[in-house]
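This is the structure I want to talk about, given as structure tokens.
Naming follows writing order (A, B and C), and every chain is counted from residue 1.
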Amino acid sequence: MAALTPISRKPLSVVLPTVAIAGGFLGMFVGAGQDNVLLGIVIGAALMAGLAWLYINVLDNERVARWITILGLAAIGFFFAGITGLIVGLLAGWFFAFFIFWLYEGRYRQKLLPYMTAGQVLWHYTFRVICGAIFVFLITPILVVLPLSFNAQDFFTFTPEMLRLDPEGYSLKHYRDFFTNNEWQRSFKNSLIIAPIATVISVTLGTLAAIGLSQSHVPGRRAIMGILISPMIVPLIISATGMFFFYSDIGRFLEGTLGMNKNFVGYVKVVLAHAVLGIPFVIITVTATLVGFDQSLTRAAANMGAGPVRTFFKIQMPLILPGVISGGLFAFITSFDEVVVVLFVGSASQKTLPWQMFTGLREQISPTILAVATILVVISIALLTTVELLRRRSERLRGLTPA
Amino acid sequence: MKITKTTLMASAIVAVAGAASAEEMTIVSWGGAYSKSQLKAYHEPYSEKTGVTILNDDSSAEAVAKLRAMNEAGNVTWDVVDVVAADAIRLCDEGLALEIDFDTQLAPAPDGTSASDDFGDLLVSDCFIPQIVYSTTFGYRTDLVGDNPPTEICAVFDLENYPGKRSLEKRPINNMEWALLCDGVAKDDVYDVLATPEGQDQALAKLDTIKDSVVWWSAGADTPQLLADGEVIMGSTYNGRLFSVIEEQKQPVAMLWDAQVFDLDGWIIPAGLSEERQQRALDYIMFATDTQRLADQAKYISYGPARASSAPLVGQHADLGIDMAPHMPTDPENAKNTFLYNYEFWADYRDDIDAKFQAWLAK
Amino acid sequence: MTDATQSGPMLAADGTPLKKSLARSLRRRKLRALALIAPLLLFVLLSFVIPIVSMLFRSVENGIVSQTLPLTVVELQNWDAESGELPDEALYAAFAKDMVAAIDAKEHTKLGSRLNYEQTGMSSMFRQSGRKIKRLDPEADAPFKEKLIEIHDGWGDVNIWRVIKTHAVPITNGYFLNAVDMQRTPEGAQAQPEDKRILIKLFGRTLFMSLIITGSCILLAYPISYLLANLPMRVSNMLMILVLLPFWTSLLVRTSAWKVMLQQQGVINETLVWLGFVADDARLVIINNQFGTIIAMTHILLPFMILPMYSVMQTIPPTYTRAAKSMGATNWTTFWRIYFPQSIPGIGAGSILVFILAIGYYITPEIVGGTKGVFISNRIAYHISSSLNWGLAAALGTILLAVVLLLYWCYDKIVGIDNVKLG
């Protein structure tokens, strides 16, 4: 529907000023680098407006125009600021080549509803830009962390060499440190052991309890709910000390009375403590999904002779799965990023990644932390993309048009 | 594999159920470069000599709270703990650390001087075996102070000649003393003045003059980072951190040793260990605090050994190959004007002055 | 209907009265629901609620004085604190006897630390006099009054005895009074001196900043969630990765990254100076103050706002807004009267989540908060791990918890806790 909106070319009186404003904006940055902002704005605006006029009236060949812009701006950038300028120039050239024709051909209306007014179209794109800015805010720290993790120095500082894109300023030594240092490896392994097990426990118990809670006529429902989500609302430092006492007793019982291995008991303690912290998230997400759950489905299943277990796995579970998964995600992150409780409940051999990072930040500055963060970001991008691709594939297989 | 082997050997010798833990001990320290220096100087030789496996736990920052919780729960899992002297006094007061008989439970100096004489005044608590002398002192950016590098402590309060931010620790200790010192109080009177409410107000008033230019730090790694960024022109931190910034990281930073505050870091043994573990902990302490071992640690980090007899043995840095003696806070050249942290005073006044200090900070 | 002829109660198929049968089935359902909840409830109760409650109980517990100095406490009952005169020999004798026993058990320094919270100097007094009192014999060395005063002149100070008497009660309100900037004195509860009042201020600041953080999270999360909910799934899922990525990045790393961004020589200031917007000597101060805390915490808590909002907005049918528009509503009216009211549960859920999480944070404010951006949790952490004043920490924690529970209760009344959705 949307793609059918007819588009028409726009007059130069609209295109040129808009392009000039954008050009002036770019010129401001370049001008700042050359210590003359005003001149930069003027030249940028004039250059871009001129280019647009040239492409529209003289050249009229979009492909050629695109290459001229990209290569031209890249050359100018290289002339002024070397490699960095080259990259900025390439990006800017690509953007302007797109932007000029996007405006001129009226392509910005292509995907919008045909009856939208000019004001609505403007708002539509302003809204997109605002959202874009918020997304930038969201990932800014990651954008900072990424280059810093290749820092050749042992500080969280952008060195002059780094800004010049000088290979001297970059190094892989923090990654090497992560992969060769025993402490990092051990703590990474510990996190990979503790977080999934804690997640499984909180998801299993949490889902069962949420199903119980969602049934009518549960006595003391609010109080129970309050108790179950209490781990989320008690300040962590209080939880940590409080839980320490309980888990010492448990530890003594398991080690002394049952004669279990000390190390194993240590893991049990941390896993249970993290499971408790993850439970509120599971409870909240799963009960929320169950609110919209149609109870007649389970009755229908029962009617047709399915037992409660079968009904649960065949009917209920698939339907509430999204809630369970997102609850599990929260629970996993809670454990994977938790530092206060593990400091108290854990002992040296259960040192987790956040703990190691915490000492890393406190006792000596080590960008190895940033390298770890980068690795985790890359892994999670890969994971999330895979999940999304799988989702699309299954939709295709089920014969649905991908949403 | 190695652990299994030692376990087997251990159970062969000691036919008790708890054999697996009999050859293992948990030593708590600060982590980072400091733990590494202990690993090289103490843990590795000790493990080699006795076959005991040493587990490191970087929890010293939480040691006081955790030890108290462990003690109340009756389940102390640590064998030896590295703490600063003030914490050791607190632990000793709380009955959480073992009292040590220095002359029988520590090694004498090579020339036969008893341990208590060798450590001398540094034995500030009955439970605490000093290991190093470190100092809290200032470092400054050589490229930001112009042609007039600071030589004395009051440069910190001199915004006219040294404009820019300075970093101070977010607690009253040390800052109050420096403030009084630069407000005209004689060094010997500082604690007498600080004991009075008027004296505390005086110190805070002095700090007030630079309050807007202060970045407050709480982790030891903060000041080095701030100096490296050029975010502050000068800042207080532990001298070993500054050594690493200057000599290992080659940053444009220099030391300001004037009015450095000496403090001690060392070992305590938690109270309430089983006889067997306590014996092992004492054995480790006897080994790790002898004259040679303390001098060895100075090869890896620029903190002064706590024994008088270790000082002449201090050699060169293990990696950089530079002489360590001139980088020690105790070196005569550096120690012309020093303070010794007044433990007794701060044990009493810490809560009171801290409340005032925090209220002042929040103003 | 066919039962019209039948008299008596309705019967189920097996012949039992229907009412009874229904009640039984209801009971069975209740039991089954409870059986599903029970394992988790027990787990949380045992491993979390009971330990926390016993931790919080420390805020009133004060047995240490009467346990360490049992005889002295009895004698103190007979001493008139208002008289301004020193206690008599009987009390000093009792005290000496108590102290010898306490020193033997190494309890006296603990008591000193406890009383030092109330009266500065008691810690060293107990420690120093302990060394000398140890050598006294509770029988042979009487009388004690002179001897003790000689050992430490503090024992000749009426005020010291008044402090001990004031704090000899086994259950005290002293910690709670301290937590609201008051103190327990022989004359009853009194305000702390002006220059030591900080905690009320911190409570106020914690609430205020958490509100601001929640507010800015709403402002930033609303457009994003709207966009995500209204884009085609394949696009919104890819954009969702951008929301989830910061979530996967350790809190510590994100906080340090903000430090790198915001400090005076940081990325933002450098860029602004480079662009000429800000003079080199007038760089913006956007860290180590409330602003820094607000930015960093807004960023950290933003996903907790976006996810619940998103899941609620996803369920809002687009037909309503279309209907409104077709009936001539303007864009604004459509949004404000039709769309916004339907998205309120999402805002509510996100807000309560963000607010509760914000109120208990302490690592981020500690790192970027400077002096004016720290929260009450920072003080709790300080009293737990540095000053060892656990009683005060527990009192602060109890008050904080009470505030949160009150909010939770209000939220449940207004929105209903079932409506909280997390995605």
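The working rule: contacts are C-beta pairs under 8 Å (C-beta built on N, C-alpha and C of every residue); 3 or more make two chains touch, one makes a residue touch a chain.
The chain list, named the UniProt way, goes like this: A = Trehalose transport system permease protein SugB; C = Spermidine/putrescine transport system permease protein PotB.
Computed from a prediction, not measured in an experiment: that's the story for all the values here.
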Chain pair, most C-beta pairs within the contact cut-off: A-C
Greatest separation from chain A - chain, by CA centre: B
Separation of chain A from chain C, taking each centre as the mean of its C-alpha atoms, in whole Å: 28
Centre-to-centre distance between chain B and chain A (centres being mean Cα positions), rounded to whole Å: 40
Distance between chain centroids, defined by C-alpha means - chain B, chain C (Å): 32
Residues of chain B whose C-beta touches two or more other chains: 61-62, 65, 229
Where chain A touches two or more other chains at once, by residue number: 156-157, 241, 245, 361
Contacts with two or more other chains, residues of chain C listed in rising order: 384-385, 390
Residues of chain B defined as touching chain A within the complex: 17, 20-21, 26, 28, 30-35, 55-59, 61-62, 65-66, 69-70, 72-75, 77, 219-221, 224-225, 228-229, 241, 244, 249
Contacting residues of chain A [partner chain C, same complex]: 28-29, 32-33, 37, 120, 123, 127-128, 130-131, 134-135, 137-142, 144-145, 148, 156-158, 205-206, 208-209, 211-213, 215-219, 222, 224-239, 241-243, 245-247, 250, 272-273, 276, 279, 281, 284-285, 287-288, 291-292, 326-327, 330, 333, 337, 339-340, 353-354, 357-358, 361, 369-370, 372-373, 376-377, 380-381, 384-385, 388, 391-392, 402-403
Partner chain C, residues of chain B touching it in the complex: 61-62, 64-65, 68, 90, 92-95, 165, 170, 201, 215-216, 218, 229-231, 344, 347-352, 354-356, 358-362
Residues on chain C engaged by chain A in the complex (per definition of touch): 26, 29-30, 32-37, 39-41, 43-52, 54-56, 220, 223-224, 227, 232-234, 237-254, 256-261, 267, 274-276, 299, 302, 307, 311, 315, 331, 356-357, 359-360, 362-363, 377, 380-381, 384-385, 390, 393-394, 397, 400-401, 404-405, 408, 412, 417-423
For the chain A and chain B complex, residues of the former touching the latter: 153-157, 241, 244-245, 248-249, 251-252, 259, 261-262, 343-344, 347-349, 351, 355, 359-366
